[in-house]
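Heads up, there are several structures right after this.
Each of the next two complexes has subunit A plus one other chain: subunit B in the first, subunit C in the second.
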Partner chain A sequence: MGRQRVGIAAFIWLVGLTGAAGGAQAQENNCVTCHSALGGRLAAPVEAFQRDIHAEKGFGCVACHGGDASIAGMGGMARELGFVGRPRGRQVLDVCGRCHSDADFMRRYNPSLRVDQVTEYATSVHGRRLLELGDTAVATCLSCHPAHNVRPPSDPLSSVHPVNVAATCAACHGDADHMKPYGIPTDQREKYERSVHWAALSEQGDLSAPTCNDCHGNHGATPPGISWVGNVCGQCHSVMADYYEESRHATTFTMLGVPGCATCHQNHEVTRPADDMLGLDEGAVCARCHAPGDRGGETALAMRSMIDSLQAAYHAADSLLGAAENHGMEVSQALFELGGANDALVTARAAVHSFDREIVGAEVTDGLEVAVRAFARGEDAMNELRFRRTGLAVSVVIILALIAGLLLKIREVDYRATVTET
Partner chain B sequence: MAETGTPQATSRRRFVDWVLSRTLTTWLLSTSVGGLILAIFYPAGRYLVPPAAAESTAATVTLPFGPNDVPPNSAEIFKFGSRPGILVRTPSGEFRAFSAACTHLACIVQYRDDIGHIWCACHNGHFDLNGRNIQGPPPAPLEQYEVNVRGDQIVVSRGA
Partner chain C sequence: MTRVRAWWHRSWRWLDDRIGFDAFTAVAKKKDVPVHRHTLWYYLGGMTLFLFVVQVTTGILLLFYYRPTAEQAYESVQFLMAEVEFGWLVRSIHSWSANLMIFALFIHMFSVLLLKAYRPPRELTWYTGVGLLGLAVTFGFTGYLLPWNELAYFATRVGTEIMGAVPLVGDFMLRLLRGGDDVTGATLTRFYAIHVAVLPLCAVFFLGLHLFLVQKQGMSVPLDVQQGGGSRGRMPFFPNFLLRDLVGWLVALAVLAALAAFFPAHLGEEADPFAPAPAGIKPEWYFMFMFQTLKYLPAHILGIEGEIVGILGFGLAGVFLLLIPVLDRRSARGERSPLFTWIGLVMILYVLLLTYLGYTADPAI
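Right after this comes the complex of A and B.
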């Protein structure tokens, strides 16, 4: 190890001599020259930085590391030239914030980019631990935007592209050793990747589907508080959030100190909601607190029964009309109108978050009327189909009998003609 | 044998002989009666037992209302095959047509003249006047149709 360091020092001294001798080479980036030649760990940043957004914008090594790249050898890395080496802990905020917190400077490169990242970071759990407690194990800018490989979030290879955010956060939050001092779980990514949000993001390519930073914030990353978790979910699921806010559960859950949405839907493992969640059967979330005898249990059963009845009526009408359409019957108007029952079903499911059977009942009643009407039209179409089929069968039999009769007649005429001739 | 029986018995025997002889096959093939029978039974069979695939939906529809029935900054729902469509007249007077089935859970969308958005009431999904999903749960844009105004008729067609 010691021999290796002597070798590196000798190499840098030699490069320094060469640089001093060649005045014309003073403009070149001596950081790149030396580090490329040194190879291995010391050369890796040179290779990676070529694709970094900062390199694309014309920044070099000294923008973050300080020093003077025009001076060859160790002389360019003198502390008196502002060389900071590898920034650590709080120093990272100063290095990044020097440009990224300067609105005038940033406007020249990206006028739409925010300049409050460092301010927000200071409000995050990460920032507060670093700045107030001096905890250097927490995430800083470089934990999510890896040095020498910083790419914009729109780049699919970026560590902060929506599809990659969960992996980036889990680099620390999925590491049991790293998280041990904080006493927090490490299965968030595992759970998130079983959620409907991850499926939308990774399978359907819906980049607006939420990942870690959409609920926790990115630079101001903090767990949502119990009392305002609904505001986080309500950003997208506003109809359900509005119903919930007006419901008795909102006050009860706050009083009990449990989160709104996550109590029934989980936080990271938000699976696709199903009607099975409603009611008092096994797996129903209402049954965790309510029993058949109490008022809440009765409401849960009533709401489930209403939703089931509309669901059954809708599917019965839809499959009957689908069968009629498949057999060539004209039922497009009935199918068009049946869309109203689907609207009612979707709205009724959202209205469940009011936990009020009258609100759910009003939606279900409207939908049932539409579904029953559509079913009747489907039955009419199928009756008409049966009538046409019977008519076809009868006419085919008549035609076949006619053909058979004609054939026999022809044979008979031919035979008589033959007998007459003989 | 024909000379020894009555004319009726002879006729029956000749008929049975004719049916049993290989001549029947030859006759069917040579006169294409087999093809004729197939031509009768095959369409009837396909009608009685249709393929599982649904009928293709309409590609073009003439709307039951004219351009003057849709003032600027408003919209009308129309029937496109068995599915709903929405004809929007933008505040500048341009006609645009989209599928009216929300890309989230297929609720029927409507036009909000106060904000100039296509809006789904079920989960508060918003689309702009190009059909792009801009707010709320809808995961994809609305399918856009072509609109042609021919005199006092509006014809909407599915894109090629």
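Right after this comes the complex of A and C.
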């Protein structure tokens, strides 16, 4: 190792001599010249940096590392020229923040980019541990935005592209050794990748589906507090959150010190909600706290029964109209109107978060009215179909009778013609 | 009863004095139809005419409810199908009868072609018949768009695009048909005007001339029957032949009723010009052989775009079909003409094969 370092130093000294002799080439980036020639680990940043957003915007090595790239050899890396080498720990914040916290400077390159990342970071658990406790194992800018390969979040190859965020966070949070001192579980990514959110993001390509930073924040990442999680889910699921906020559960859960949404839906492993979650049957989340005899249990059973009745009415009407449509009946308007019952079903399911059977009942009643009307139209269509078939049978009989009559008439006129000829 | 009969006789005489029914009855009595082993084919003209009358009748009924604008067309047809008493029946019969009419027309044309019934002096009858076939498929093409549903919209887009590929006049034709660069409400209005006014007017002229010529020249007797015997005499048109025609029409009516009851005309989704074209867009069956041919042609033939070569080819085939009475000199002289029999058979086989492939071949090809 020592021999290799001596070799590198000798190489840089030689390059320095060559650079000094060739003054015309003094303007070139000597960092790139030397590091490219050195190969291996030292050349890797040169190759990677070519696709870095900073390189695209015209920044060179000295923007972060300091020093003077116009000076060939080790001279350009003198401390007195501001060379910082490889920034570590708190130094990373200073290096990145020098530009990213300067609104005037950033406006020239990306006016829409926020300039409070370092300030936010200081409020995060990562930032607090680094700045207050000097814990250098926590994440800094470079942990999520890898040096020499920083790309905008919209770039699918970026470490902070929505699809890649879980892997980026899991680089530390999935590492049992790294997390051991903090006593944090390391299965979050595994759980998240079984969630409905990950399915929406990775399978349906819905980039608005939440990933780690959407709930935990990115620069200001903090662990979820009890009331905080409810707020986070409500950012997207606002209707449910509003119902929940007005419900008894909001007060009770806060009193018990358990999170609102995650108590029933889990946090990282949020699976697709189903009606089975409601009620007191096996697998129902209500049954974890409520029993058939108590008021909450009765409410759960009543809400489940109402939802089931609406769902059954919707499916009955839908299947009847579908059958009529398959037989060629024009029922598109009825099918369109039946959509109202499905809307009511969706609204009623959201209203379940009020844990109030009257609120759920109001939504279900509206939906049932629509479904019953649609079912009646389906029955009309099927009756009409039967009428058509009967009408067809009658008309075919009449036509056949006419044909028979005509055939007899033809026989008669042909016979008459033969008689006339003879 | 006697009084009614007397009143009827008086009324008839009153009308006869003014109109002169004698002339009609004389023609009806004089008109007869040759009887031989190919007589069956004579019924196809009458069948086509019957289906045309069904089309006119149901078309007029549809006009009472149809509204020819992009905003209202689909809703008006939907209303007709779902709310109007027997609206579904009228539209379904109109749709099925259109298909059966074109089918009968094709068989009628090919039977005339193979029996060489276009021989002098019936060239004009052939020309007007080919003209009527052209009118019938144009009726089909323009009528297909009128419900303004998704399939019709995109099929019209593809159809007019093909028209736009015609050299020299293609661009003009495309804009003339579409009423702009794309298929819009302006196209719908044009197609409507063509379907309910322009084409019926042309059809009345061509059909009138066609029927007049058939009436004047009588039915053509095939050459082999004429020369080799096989004629079983002649049958009076009225009532013997007409009664047989009526049987065929009643059968057609029963078939139409069954098709309308079991397979009513679909409406599908409303056309949305901003939606992507649904996969596997296909034209009506009578255009399928041309559509499939264009799909098989290479991108370039002798440096000319394959599609243009195909369209020119079909144009030339149409001209050839029209000019057959002029080109088939042997038949005109009363001689056997196997070449044109083979041409007719090849045409039938080609249309059948390409239509079959159009419905069965991999759409990606």
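Here is the rule we use: the second predicted complex is superposed on the first by the 388 of 422 C-alpha atoms of A that agree within 3 Å, B and C clash if a C-alpha of one lies under 4 Å from a C-alpha of the other, contacts with A are read in each partner's own complex, and residues count from 1 in each chain.
Quick note on the criterion: contacts are C-beta pairs under 8 Å (C-beta built on N, C-alpha and C of every residue); 3 or more make two chains touch, one makes a residue touch a chain.
What you are looking at is a predicted structure, and each value in this text was computed from that prediction instead of being measured.
Annotation for subunit A, partner touching more residues between subunit B and subunit C: B. Legend: residue contacts after superposition of the two complexes on their common chain; A:D68 is shown touching neither subunit B nor subunit C.
Of the two partner chains placed by the overlay, only subunit C lies in contact with A:G391; subunit B stays clear of it.
In the superposed model, A:L406 makes contact with subunit C only, not with subunit B. When the shared chain is aligned, subunit C comes close enough to touch A:A417, but subunit B does not.
Once the two complexes are overlaid on the shared chain, A:E298 sits clear of subunit B and of subunit C alike.
Applying the stated contact rule after C-alpha superposition, one finds that A:Q333 touches each of subunit B and subunit C. Touched by subunit B in one complex and by subunit C in the other are residues 328, 331-333, 389, 392, 396, 399 of subunit A.
Subunit A contributes residues 200, 204, 206, 208-209, 236-240, 322, 325-328, 331-333, 335-336, 339-340, 342-343, 346-347, 350, 389, 392, 396, 399, 408, 411-412, 415, 419 to its touches with subunit B in the complex. The touching residues of subunit B, when paired with subunit A in their complex, are 7, 11, 14-15, 18, 40, 44, 47-48, 50, 52-55, 79, 81-84, 101, 105-108, 121-124, 133, 136-137, 139-140. Residues of subunit C touching subunit A in their complex: 78, 81-82, 88-89, 235-236, 239-240, 243-244, 246-247, 250-251, 253-254, 257-258, 261-264, 266-267. Contact residues on subunit A toward subunit C in their complex (touch as defined above): 328-333, 388-389, 391-392, 395-396, 399-400, 402-403, 406-407, 409-410, 413-414, 417.
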